[in-house]
């Protein structure tokens, strides 16, 4: 009996489009073999990208699905990072699962508190308020340096245990690119499936209604503030988990993570890829991280170059890279059809 | 001068005029016998690789610290040009690969890995920021990659990073110039009773102020702080701070401003004649000495330079040659970071050559690290080296500002060279425990 | 028992007395037409009723509950739905998802984070039903913003109906639609409401012919006040109303 993999996957992930599902499976297989065929540093860049996936999709649940632009998501990345670092340094915790759970819990609490105050506002006011919260945390991290390490930040000197297994004798790059890589990949896939299900759930439709027309949603019986708050908390949890995963790669955390420029990078990745698409921010993060790596070595003006690129995209391809790709493929299909009929 | 300089003795000697002896003292490090290594005889040594030797540099190319970061990079480039012109290291041409440090720890860590893993750099040089320094110290050990730091080492960095360092070679720590400054304040301004401090509100500023006060109070127990001001790094208007300092009427104003803000502060202070009324100790302002014009910096302000590039009674040909080349290329005087950078490359080259002499083939990173420990090499400000615990050894230059008609900026006269032992604690001690021992 | 009651409701915008001391009782099975010239305060009254804007004074009772200070979504939960004069749509949602949002709200399934809405037969069956009734089903995959104006209005109304409310407030559902179309739209709305079992509604309307043929009660507003209230035949006979509405001056 032939097992239809695509159908099997479709039962877990309710994709309508089987072509899309097969592309995903191919990408997943590439990701699986990458550590054994790609140069180590490329694998390392991929690992960094995987850590950013929860961050950008968490962020985009707010921007793309709820219509709220947070300019302070670095706050939750930092909460994830500092939580892990604190557990490792001060409490001798090695289990990364404990770190992830606590990072998620604290991010959720912080997301609830910050969200409660921010969701009263929309648009620029919401953005400014989230930014303000992040900057307050930034000042806190700098001022209470005896707790937080101040501007020097805090480093971690031990390695996490993954599912209870220690890998202390491995060379760090092997640990990161051959072991931790798969761990993050697995978590990323789980989080992606969860997020996909959230966005295609009953809740997801309501969120988009809230985004598209909060007044109408309100008059249609949807508690707009509550939906925004839920989205904010889920978004914070995702971002916090991303931070907790990322800090094992950077092995050091500094307050700069909560500075607005860092939050701006998350916004940048999402806009670059296209916030109207589930895959947009993921593609944005990938392109941004790879491009940044390439251009940064060439010129200190890499920010300017990427900034101009983004500006051009925003002006000429408002849907971001995904939007551009979609309209391009539509164009090609149309052309093909017109050939067939002529 | 003996091998080990007792502090109290030194203060006496310093009073008698240490300037002339100073560089000689530095030179004595170079006369110490090399450590004995067991030579393993191998049948057929591998030939030296033909391809160029890649060395990575991570430093500030943009942002507030960029002037000193770029100065360090320029020194590295001059060193590379000179070395390549003389045949490279063991015949291998040197190639520099440069990355920007200004993007923060996360990206700097990524850059370190890129240079090491992708670009195949055999050693990483540089770093100025304390956070990147802290991260790199550990990273070097984890990656088993040599890292020779230029600047930005903190007590946390020394204590926290893996205790027995193998691959990381930290710079002289941040507090050193403050310690030296406090010693010289005790010497030149013996009647100071009240001190006001204005320092940047971050670890460097805080650590300098703490170290300065704890050393000064040890030497002069009657001294009390009367004002502490903590402007944000990047602040450019100090008028309110200056008014507050003036109102406190301290005997001495101490500051560890180290970049353009030192110049701005002194300029704005001149408007009310702050440093004419009160003594001043700008322990790191020498980093921008050529911008400290005579119009706004009065004579008699204590200024710390770390490295010295101007007129010097003893002379030091390597420095003179370098300053001439630097002036020719860039039309300005070098600053302290040049010496830090130049030294790390000098040390690396000497260590490779020493290891090669023992082994007969291109040494591994571990073997180079072994030779770096205890090494002494000539750098721009005299001899410099590494201690057995990987810690950098160098002397610092401080002095009182003087209006010399040959320059439009202030120069230092008298000029003191403060030796390493006076500024830095021995490996077995912690900084603050060490300062406490000064009393005995 | 009356379905809803407005007691001395007032809303002023500066000097403009948009709604000035209006008291009304609305019973079940009433198909009310709210009429009056432009600026009479009809939209404002609907907005106050639905909670879109806050009133200055007065009291609103719905289903025996004081809803004066309840937010719109809570009024909706009690069974009050509305459509807007300028069609309110979810611009970048498909027609299908727009109606689904209402259905999910109605079924109180909005807090299902992890269940696929595409696989929820109940939701999809009801959505299909509503869309077919409004003849929007073949446009279900179009984005709301891409619809022609008339369909946008219809979609707005469909979203309100999809909530299966006890009382529905429709603010000029036929405005901006040609006169021939108007009749069609009205007939559609009436037939759908019969089909769906929605018996009580207030329709704001201009067109006299339509008003008189489709409602069993007419409320006339003028300068914020209720000028007349009663059966269509009676209103027709009211000279003042005729003068104001038709601009006929004797």
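Chains: A, B and C, in written order; residue numbering restarts at 1 for each.
In this text, a residue touches a chain if its C-beta (ideal position, glycine included) is under 8 Å from a C-beta of that chain, and two chains touch if they have at least 3 such contacts.
Because the structure is a prediction, the values reported are computed rather than measured.
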item: Arrangement of touching chains [line / ring / star / complete / other]; value: line
item: Geometric centre: closest chain by C-alpha means; value: A
item: Chain centre separation in whole Å, for subunit C relative to subunit A (CA means); value: 42
item: Centroid distance [mean C-alpha coordinates] between subunit C and subunit B, Å; value: 77
item: Two or more partner chains touched - positions in subunit B; value: none
item: Contact set on subunit C toward subunit A in their complex; value: 50-52, 71-73, 76-77, 81-82, 84, 88-93, 97-98, 100-102, 104-106, 109-120, 123, 156, 159-160, 163
item: Subunit B to subunit A touching residues, read off their complex; value: 61-62, 97, 99-100, 102-107, 109-111, 113-114, 117-118, 130-131, 134-135, 138-139, 142-144, 154, 156-157, 160-162, 201-203, 206
item: In the complex with subunit C, residue positions of subunit A that touch it; value: 14, 16, 194, 197-198, 200-206, 208-209, 212-213, 215-224, 227, 230, 234, 276
item: Residues on subunit A engaged by subunit B in the complex (per definition of touch); value: 39-41, 44-45, 48, 142, 145, 149-153, 155, 157, 171-173, 246, 250-254, 256-257, 262, 292-293, 296-297, 300
